[in-house]
Each structure stands twice: as structure tokens, then as C-alpha cells.
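Several structures are given next for inspection.
The following pair of complexes shares a single chain, chain A, combined with chain B in the former and chain C in the latter.
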Partner chain A sequence: MDTVRRIDWRRNWFIFALILGAILLPVSGPIDRGVLRLLRPISIFALFFGIVGVLTLLGAIYLGPIAERSRRNLRLLQAFGALLIFIAFLVAPAYADNIPYVTTYKLTVALQWVMVVVGINLLTGYTGQISLGQGAYFAIGGYLLAIASFREWSLPWGVSLILAPIFTGILGFLFGFPALRFKGPYLALATLALAVVISPVAKRFEDFTGGVQGIPMYGQINTWGIFGDDYERFLYYFSLVAAAAMLLIVWNIMHSRLGRALIAIRDNEVAAAAMGVNTALYKTTAFGIAAAFAGFAGAINAATIQFVSPDQYSVLVSIRVFVGAVIGGVASVLGAVVGGLFTQLIPDIAAGISDAAPDAIQAVILVVFMYAMRGGFAGFVEQTWRYGRQGVQLLRPERAAEEREGRAAAPVTSSQEQA
Partner chain B sequence: MTDFLQLVLAGAADGSIYGLLALALVLIYRSTHIINFGQGEMAMFTTYLAWSMLNAGWPYWGAFFGAIAIGFVLGLVVHRILIHPIEGAPELTIVIVTLGIYLFFNSIALWIYSGVPKIFPIPAGVPKQSWDVGGVFVVPLHVTIFAVLLALMLVLFAFFRFTKLGLAMRASAAQPHSALLVGISVPMMMGLGWGIAAMAGAVAGLLSAPIVVLEPNFMATILIFAFASATLGGFDSPVGAVVGGLIVGEVSALGGRYIEFIGTDLQLLLAFALIVAVLLVRPAGLFGRPQVVRV
Partner chain C sequence: MKPKWLKLAFLFAVAFAAVALVACGGDDEEEPGATATTPSEQATAAETATETVKQYDEGASDTEIKIGGCYPYSGPAAAYGTIGKSVEAYFKMVNEQGGVNGRQINFITRDDQYSPDKAVQCARELVEQEKVLFMFNTLGTPSNSAIWDYLNQKGIPHLFVSTGATKWGEDPESHPWTMGWQPPYQTESIVYSEWLLQNKPDAKIAVLYQNDDYGKDHLEGLKKGLGDKYDELVVAEATYATSDASVNPQVAQLKESGADTFFIFATPKFATQALIAAAQIGWKPLIFLNSVSQSIPAVIEPVIEQAGPEAVSNMYSTLYIKDPGDPQWADDPAIKEYLEFMEKYYPDGNPLDGFNIYGYAVAQTLVEGVLKPAGDNLTRANIMEKARSIKDLRVDVLLPGILINTGPDDYYPIEAEQLAKFDPAQKKWVLEGEVIDVSGKLQQ
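After this line comes the complex of A and B, so read on.
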């Protein structure tokens, strides 16, 4: 009995991580030599996971009972959490310059990655279709905006911004049809090839795309009078609202008929088909939505950078975004937010340490995650939460019993489900 | 006509390189049922190591075989520490880890050697001057690449067909559980498969570096062509990989020349179209055996 009651340190590793990070962070500040420079990001990471772990645990202990009482409570708590994150993003630009490695511009781009990542989450995490080619739609969206609003025609950029996701969405939907026949790694292979092909194609159609020179987008983009002419802040808040809208869309899809069909397809396609799910239609729809998100992100990204060229859309874009999605947690809306931030910030942080090999550090993190936390960041939070709930039941049986009674007394059918 | 023959020769040379890398992909697929997205980057990295050795004053062939040996060890090590622990994991995990291999070697090479393109010499003893055969210029390097491909094919065939080790490797690829029961160390055989594949990849890198320039991304496009070759030939057939490589080489050379729209820039698009078409029409490839899945 006592062995059960004692705290399981192996599952509480993040408490060690917290202590380790707290010790290492001040120590690692002045050290600036060779490999030792790695200490600082490692300690930041440890501290980060420690804080998240402890907070999750506290949340599980004190908020868990409330969440488990009824489904409505759970939803309310989740909405409250989402609101907190949203508010954090709302006020972020005011403090951006004080946070190391962060600027408003970088956060803007990170939000655009969030849009791509949430598409990957829908397609890969929920539907089980591995797509390494989202960078291709990202590039097409960017080029569409540049060509339609700046080079060939002078459509208002708002119109191009609407056209971009429609166009890429249709492309994605169409690509979904051949992709129906590709299984597992073959799909990854075909989509990776798609990502590689896009940049030579952009170079080839010089008349439209400006070839290697790219298309510079001179002149400010019309901000419709919002924020005066503070272009940077306008784009930040625009991206924030758009990303939030997309997260909301995916959240709603996942809790609708379509979402349940997609999950069924991921878990067992044959069974899903046998239950009457139109697998072909749903899969191509998922492809289309993911591509539309990536296309929109690409368009707004091009407006932010004010430049498109074939070189900025190399295959590494697709791979980095995918990596971000995986590290954030591929089947989770929260994971998409973390994944987007990760995609943008980690290469910068890594470049800050050793001016090169940022991708190598990313690769190492990736492999470590695949060993230790396959669910990514969101999976970590979820596991810790569940572990915290079990811990409460083991450590304080009388309290758990109380909670159970409370739940039994509640009129609504309670749900164990953790979304 | 000479123009056409010239193109066919060039296509065969390119195709041999694609075939070599496709061979590497196929060997790994056969031994562990993984499509290794990092194959090209591993080959690129060993080529850089050979470049370092050459700079340190090694003779060409010393560096050549040195790099191949390192490639073998690299394949073994990568399998041991990265692939073996996640055996049986979901598809997504495996794809991600091989992408990690891609990112890792790509950025390590960029870090150590910078992105400045380097010139890699052609094999020592191979004349630089083209031979004029009835109006068609035959580049000795191209002939060498083709010969190396054929030689490697023969050696591998003999190895798998006539040696005990080769038999053990085939057994562990076909029936891992039964192979374990008769005393074959299946993980060891899989590691060997990765090692041999990395060797083949290293050869592809060493021979293609003189044609294109040596820079950290030079294998990325070749990898796509190799994917197309392996898909066309069938991912579980070494012969298919080589034949597929030659076909892809010819198609992209001739297509680039005779289809105006494609030109030299869009040969990659051709490879992509080929991948999609083959997967649509005949997913197992020309020489592959279709997989039957029981539900």
C-alpha cells in the first residue's frame, strides 16, 4: 500500500526538470564557450517543461474534480484555458521586446505557422494521412497573393487573401483523389516530392513568378484604417484573429460528425467504411481543408515578408512545419499553438547558440520526443493530467470517494472523456 | 540521331546514380520495411567526409573506400540507435525519425562545411577527355558510373544468393519470427541491411558529386529521382530499383530535351508525375510483389 502511495518519481521527472532548470539557468548565463552554450537552451527547456508539468498537476488536482463533474464544466474550463492563451497573445506585442528571442514580427510569423500546423493536425493527427507537402500549398498561397495583387493584376490584397485558400483548397482536394490510393509511407513520399517540386516550378514559370528574382511587394498593404498605419501590429492582430478562427474551426470539426468520421478513418479505415463512412469523400475533404489553411497562411506570410522567391519555399519549410506539428502534439488543438511557436522560435534560439546547425538541434529534439513523448507537448500535458487524477485517487482515497459521490449526485450523465 | 544517342548516354549515367540510391532505399525497405527519407543526406554526408580525406592528402581511391567504410558504419549506427528502438512503432513515428535523420545530417553538413559549393574530383584513373565514337561523345565518367552500378548489382546478387550471411539476411527480411527461431540475429541482419544500403548510397554520392557540385542540398533532388526509381521498380525489388533508375534517368533526359514545356528545370516535375502515376496504376511497381493485407 505504501509503495502505491509514495510519489512515483519516474513519472514526476518534470519536477526534477524544474529544479534542474532553476539551478542551471542562472549558472548558464555567463558561460559562453563552445558546447557549454548548449546549457542555456537545455535549462530553458527543462524549466519550461517543469513549469508546465507542475501546473498541469496542480490543475489536475484542483480543477480536475470540477471538470469531471459534468461535460459542461469541462468545456467551460477548456474555453477558459483557451481564453487565457488568447489573452496572452493579445498582450504579447507590448512585452515582446522584453522576452528573449521574441519580436512582434517573429510572433506574427509563428501565428502563420500555427495556421499551417493546425491543418497538419487535421490531416495527419486526426485523419492519419501523413502529408509532408504542406509547404507547397503555403508557397502557392504566397505566390497567388504576390501575383494577383502586385505583379499581374492589382486586385485588392484582401481579395487575394480570400482567393488563396479557395484556390489551394481546391488543389488540395484534387490532390486528395490520387492520394486516396497511397498508403502510409508512400503518401509521405509523394507529398514530400510535391514539396520539392514547387520551387523549380516557381523558377520555371518566370513570366508569372519572376523566376529566381522573386516578386518584391512594394508599398504598404492597405490596413483598412485599423491601427492607423502601424503595419506590423495590424498584421500581428490579423494573423492572431485568423489563427484563432482556424483553431476554432478545427475544434468544431473535431466535435462534429465529420470529425468523428475522420478519427474513425484514422483508427480503422475498413471498419469506418463498413459503418457507412464515405472514406474517400472525407479524406479528400481533410486534404482540401488542410491545403486551404496552408494557402491562407502562405498568403498572409507573403504579405508580412513583402517578398516571395523560390528559395524561401524549399522543402525544408514543409519538413520544419511538420516537425513543429509533431512536437506540439499532432492530434490536438493546443498542440497546434505550441507547434507553430516551436516552428518559428526553436531555429532562432538554436541559431543564437551556435550560429549553425539549428536544424540539427531540432532533429535531436524530434528524436528525443519520439522516444519519450510520442504525443508531443499536448500528449505530455494530457498524460500528466491523467496521472494527476490517478494520483489523487491513490493518495487521498477518501477525497476521491467524496468526488465520486458528488459526481453520482450530479444530474447530468458524466463523461470520463478527456478531449 | 547522334543527338538522341548522346542524350541516351547521359540519361543512362544519371539513371545509374538514381539506381544506386534507389538500391539503397530498396535494401532498407526490404530489411526493415521503412522508407528512409534521410538516405540522400547520409550519402551527402559521407561524400563530404571523402572530400575532407582528399583535402588531407589521401589518394582518391583511399578516400573513396574510406568513405564507403564510414558509410557502412554510419548505417549500422543509425539503425542501432535510432531505428531499432522504435521498431513496431506507428508509421508516423518512423517517418518522423527518418525525417530527423534528414534534418540532422543536412544541418550538420551545413555547419561543418558551410553552404559554399565544393568541387569534387572525378575518380582517379578515369580520363577527363571524352571518347569520340562515330560522332557520339562518350564521357568516361558516365561509363564508369554505369560499370560501377552493374558491378555492385552483381556483387549484391552474389552476396544475397550464395553466401550464408546473405541467406540469413533474406530470411530475416521475409520471416523475422521464423528467422529468430532458427538462431538468426534479426536485429543484427537488419543493421547489416542498413549498413549495406548506406554503402550503396555513399557510392551514389561519391560518383554524382563530380557531375553536380558538392553542397549540402545536392542529394535532395537526386533523392526524389531515386524515390521515383524505387517506386517504379517496386520498393522490394533490387533489380527493379536499378531498372527503374535507368528508366527514370532516360525519361528525364529525353523528356527534358524533347518536351519543350519541361526543359531542364522541370525534370523534377516529371519524377513527381511518375511517382503519382505509378502509385495510382501499379502501386507495387514493375518488379514488386503486391502486398496482400488481411483485414
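After this line comes the complex of A and C, so read on.
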């Protein structure tokens, strides 16, 4: 028993999750009775995280030394990882429909969530400003496209697509000014108000928005001849390229003067101001960029759904996206990708597990995620990587601290910034 | 420097392979049957072949009929989700009894959270991936509004949608593939006005309605029902928005008009407020409460608690389905059968929940009125053709005297309802008079 007690569960849980999942999965197949039905999804989740954890460990052990040799190697490795993910998305239409709960169409929407989430990452993860109102900009973007191109002025929809982020960006920038007065939870509430108010406003100005009936645009959107008339494929690749571009933009911002200023604001606003950082300007800029991303995503989303109505822009959108950002890992580019996928797929998966109480299942998934992975998915990957670099210890070794000190001479730079 | 070049070359190779894969994957996803023709055109083409020959579209085969549906199992309107489960349970029963003409019904549902964008995802997944023969009973006016253009352009039947809006049957020419089921809001209003014109032709009417499509739909029905007499009889109208905190000012204003008849076209929360407000300011009109808010636990009990039973003593609503909890139907064979069904096939559901008997009735309409008559000709055109030619179908959990009829221009299956008066002593709705059939009045 003493050995069991000495196992370092906190850091090794994924290894046991892997073993548990591998044992449970074949056993749980034929069971179809009551609560036991949940065994199968649980084992699949356990297996998934086990595999992710172990792969990260292997990566840390075999690729870590290469990455640590020079800064250029590290960058190359990161670029390679990003490219792998990009390629996985690039070829996704060929295989996506064979994965349960996934279709190309859903991936298209997921990519649009990625765009919103990366905005939240910039705003919350890097600048420390909590915003629960991104759904509002998302809605404004969608309505702008629908109204400007299909209801009032029949602008080409490509023009609306460019107008949407400009308009929401300015709006976000302006909203940033009153938001300067708020901090932490108060700011969260102020932004939440924005998300709450958008749907009633859309219902109120019926002449413009079409009220509850919304604005249908089915079959009215052309693809400029790209991919022939395959609207689906066109939108998927359009979203993919746009999302990749936004991730790249945020990545570059974070490694620029602006990014360093934002991080300084997050870590200590007073100190940042004392160092000469114009905190007000930088904070409103972050609000503006995040809003522009959300507005663009909303516009392209409206073109994908080909329908806008107040009911699809409830306050839940903002909250779900924020949850996605936190689950993915709030200050990381990888986290944004995972967060977008999570936002899109988890409700369906929860309903697939049990259509009696999908909300409850979703809540349980959320709690388990937050308990097992405090820094979100990206944080988990990063911690595991560092753990691998320090040398995997199954048991709690008394001399772990000394060993770590020994390694501290060569500090580990990892692929993701930690929140 | 050599390893770097190797890596780069490798990267290019991978990227190239990826692009090639994408290009190859592109050709095999052509959509069959994507051309949109009207069902009647397709039907005439189909009728030239004899009906004894087995004909199938995607989603139908010798052994199976695939049907899709979207329901809010989660989210703010999750209470409606039970309809989907009750429909599913009904099909399970049909399957155990041998299926429809020897085919098993495979009812595939998805959760749309009562959100139009999710409904679009749901419909597209069911049509394009699961390849269902048709969509059935999808719930919610906003959700159906989001998908009906898509389904009509693809030529997928969109049958018996679960919403009371009148628009589903209004224009069969532009949306020939979509059909409602329950009596639409306008029908309900016409039923009230028919009764009123007969029993109280000199009424002074005040109307409270929600300022959106749902409320305006009801009002439109009242206009159709009262016809020329509308301007004479209606002395006051007031609206509210769902964002309003209370409707007390509106009710006071309506009372000032001197009206003696009060129409409430409001959702439960506001209907409760209106009833309480009327009682508190001492207004005792004849009340017509729209069926959306006729729930006794959600609306009427709170009113009785706060304003006493007199507040609801002179109040009417409409019914078209038997209430399984009503002692009057205790010996009714249809209700007995329904209760047995619930016990055996949907034991988790509450048999007294009106949504469950609703699901039972709509599923029965589909099986008896459309699938069985369609026989072995399970093409989309023929399904729609059969849905458009239901003649005097009797679904036995509907009130006696209500028959289901459709036609090429009649996309409203149920157009009859019966008035019911609330009895505060027994705390239930008591049927009054006869079923009022207003068929054809909507098209005026």
C-alpha cells in the first residue's frame, strides 16, 4: 500500500488514465444499461488524454534536447508543429465526415470559433482583460453582413466581409474607453451586459433586422468562382486561411513591442505605466483587435449558416466561447485551436452521450477539465512537456527538488507561454 | 547545416502530398438530387410507373426508413425536448409491431439547443451525412425558419413542423416541401371569433398581444375571424415586448377603454401578469387566453394564489388534444392505449405532460397518414404527395370530431379546435360546446 500512496498521482494521472481507458474501452462496449452506459464515453476521454499526455512526454524526451540546443531549433520545431496542425486541417474535408460528431461543415464553424477565441486569448490571456461580450461583436458582424448585403443596400458580400471587422473593431476600441474604469469581475459584468443586450436590440429594430424571423440568405452567396460552385469547400478553406492568418497575427503581436507592453500591463499595470507604457491606449487597442476578430468571424459565420436571427446570438454564445478559451488554455495559440473545436463539438458530444441531460454532462466535462488541467489544454501539454524534461518520476522522490535545481542551470523554454 | 535542408525538403514533401490529397478528395462529393423541382412535377413523373414497383430515394430501402428531426434537448427551451423522445418511443413501438409495410423506422435526432444556427447544422448533418429520407417535426419557429429554404431548395420533405406559426402553410407554392401540423395561431384566433360572433355579438374587445410575429399572427387571425366587424368590436389594442418588466400599464389602459372582453395573446409569464393585473384593478371581463399559456401549473395556479379564483372564473381557451389527466377520458380507449404506450416505451417520461401526448399524436399522423399509404413508393416526391392528400384521417388522441385533412393548396392538417372554460373549483379546463371547424378560413 505504501507504494500506492507514494505514487505522484497529480503529475502522472494521464498515464493511469491511459491504462484505465485501455482496460475499460473493450469491456464497456456491450454494456447498455443505466448509468453504466457512461463508461464508454468516460473511457474514450481517459484514453484520449492518456495518449495526448504520453505523446507529449515522448516529444519532450526525444525532441526536447533538439529544441534546447538553440533558439532557432526551437522555432523550427514550433513551426513544424503548427504546420502539422495546419495540414491536418487542410486535408480534413477528405476524412472529417468519417469521424463521429464531425463534419466539414461543423469544422468550418469551429474555425470561426477559433477566430473569436484567439481574440479572447489576446484580450484575456495576454492583456488580462476579461471579456464576456465577444458574442455581441460576433452578432454585429453577422447582422452587418446580412443587412448590408442582403436586406438594405445589396453590397457585394465580400465588401461587407471587410466592413464587418472594421466596424466592430472601431466599436470595440470605443467600448474599451469606458471599460478602462473597470477591473476584474466588474469588467466581466460590464462586457456581459453587452452580450445580453444584443438579442433584444435585434428584435426591437425589426425594420432593419427582420425581427424574430431573421434574415434568410440561402443560396444568394456566390463564391467568386473559386472551387467552382462548391460553396461548402470554399467556405471551409476561406475560414481556414482566415483563422490561420489571425493566429499568425496574434503570434506576431505577442512577439512584438505591443505584445510585450500588453503582457507588462497584465502582470503589473502600475509598473508598466511607470515604465512609460501607455496603458489606456494599449488596452483599448487589445479590445479593438479582439472585437474585430469576433466581428469577422460573425460575418463569415452568417455566410455559412446563411441565416441570422436574434435567437442564435443569445448570451450563451459569449459564455460558450469564453469557456472554450479557458478550456483550450487562455494564453496560447494552440489553446485557441483547441478552444474553438471544444466550443463547437462538446455540446454535440454531450447530447450524444445522453440526450436526457446534455447540459449536466457538459458541466461535468467542464469541471473535470478544470480539475485535471488548470491551465487548460495548452497548459496541460506544456506542464507535461516540462515534466518530461525534468525526468519522469512515477513515485514522489524526495530528491526531486535537488534534481530540479540541478537542471535549473539550463532553463527550459517551452513551446507555449504560460498564463 | 545539412539537417536543416533535409527538414525543409521533408516539409515540402508533406505539404505537397497534402495538397494532392485535397485535390483528389474534391471530386467524389457531388450531391445527388440537389436540383430543386416542385414535388408535383416529380410526382407526376413517379406516377407513370405503377405503385407496386418499389421505388426508393436516399434514406429508404427494403428494410428501413430513415427520418431526421432536430429538438432542443439542452439549452433554454429544453422542456420541449421530451416531444422528440415521445416521437422516438412511438416509432419504437411501431417497429416492434413489425414496422411500416415491413420496414423499420430509424428516427435520427440531434440537439439544436433551440438555436437557429445549430438547427442548420443539424439539418445539414442529417440530410448530407445520415442521408435521411425526410425531416420530421423539427421544433421551434426560429429553427424552422433557418432551415426551410435549404430543405425546399434541396427538395427534402419538411413535414409536420412543431410550431404554431401560420406561415408554414401560407404559401405552398414558394415552399412546397414544408408543412405544419398543429392548428396555427391564426386558426385559434378564428375559433375564438367564431364563438364570440355567435354567443356575444355585441362584445367590446380589448386585445393584449406580444409585439412580434407570434402576437401579430394571433391578431391577424382575429382580423380574419371578425372580418368587417373587427373595427366595430375591437375598442382597444395594446402591445408589450418580451423585454418589458410588466404589462400592468397596458392592462390598465385596456380597462379604461370600457371593454368587456379581453384577449390575451401572450406567453406564460406575461399572461400570468395580465390576469393578475386585471383582477387587481377590479376588471372582470370575459377572458380568452391563448393556448400557449393555458398550462395550469405554470400560469393559472400562480394567478389563483395571488388574485383568487375569481380572476380565472370567466376564462376560455382552446384545446385540440385530449388531456390525459382529465377524468373525463379515464375510460377512453385511446387514452388508455396512450398511457400503456408511455409505460412500456417511454417510462422516464411524464404521461400527463401535454408534450408527450403531442409527440404521440404527431407520430401517429405520420405513420397512419403518410408512411402507410406511401406503400413501397418511398421517394421524397411521393412522401410529399401523400402528405398533401390526407383525407379525413382520425388520430384518436385528438378531441372527438377533429379530422386531419390536407390538399394541394391546404397545408394546414388540423384546422378545428374546441373551446374550453376554466373551472376554478376542479382546477381544470372543461370542454364547451362542439368542435369548431374553420377549414379554409385561413386562405381568405
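A few points about this structure:
Just so we're on the same page, the second predicted complex is superposed on the first by the 365 of 419 C-alpha atoms of A that agree within 3 Å, B and C clash if a C-alpha of one lies under 4 Å from a C-alpha of the other, contacts with A are read in each partner's own complex, and residues count from 1 in each chain.
Assume a residue touches a chain if its C-beta (ideal position, glycine included) is under 8 Å from a C-beta of that chain, and two chains touch if they have at least 3 such contacts.
Just so we're clear, the structure is a prediction, and the values are computed from it rather than from any experiment.
When both complexes are superposed on chain A, chain B and chain C end up clashing with one another.
By the document's definition of touching, of the two partners only chain C reaches A:218; chain B does not. Once chain A of one complex is fitted onto chain A of the other, the partner contacts of A:386 are absent, as it touches neither chain B nor chain C.
In the superposition on chain A, A:103 makes contact with chain C only, while chain B stays out of contact range. Look at A:311: by the touch rule set out above, it reaches chain C but stays clear of chain B. Within the superposed three-chain model, A:319 lies in touch with chain B and out of touch with chain C [touch as defined at top]. In the superposition on chain A, A:348 contacts chain C only, with no contact to chain B. When the two structures are aligned on the shared chain, A:87 is found in touch with chain C, with no touch to chain B. Of the two partner chains, both chain B and chain C are touched by A:362.
In the overlay built on the shared chain, the residue A:151 is in contact with neither chain B nor chain C. Clashing C-alpha atoms with chain C appear in just one stretch of chain B from the list 92-100, 128-136, 236-244 or 272-280: 128-136. Where the contact sets of chain A with chain B and with chain C meet, they give residues 200, 203-204, 314, 316, 356-359, 362.
Put simply, chain A touches chain C in their complex at residues 76, 80, 83, 87, 90-91, 93-94, 97, 103, 105-106, 109, 200, 203-204, 206, 211-214, 216, 218-219, 227, 230, 233, 301, 305-307, 309, 311-312, 314, 316, 347-348, 350-351, 355-359, 362. For chain B in complex with chain A, the residues that touch the partner chain are 34-35, 37, 82, 85-86, 89-97, 99-104, 106-108, 110-111, 217, 220-221, 224, 227-228, 231, 263, 265-266, 268-269, 271-272, 275-276, 279-280, 283, 295.
Residues of chain C touching chain A in their complex: 4, 7, 11, 14-15, 18-19, 21-22, 24-26, 29, 73-76, 78, 81, 84-85, 109-111, 113-118, 120-121, 124-125, 128-129, 141-142, 145-146, 149-150, 153, 212-214, 241-243, 348.
Here chain A touches chain B in the complex through residues 124, 128, 130, 132, 178, 181-186, 188-190, 192-194, 196-197, 200-201, 203-204, 270, 314-316, 319, 322-323, 326, 330, 354, 356-360, 362-364, 366-367, 370-371, 374, going by the rule given at the top.
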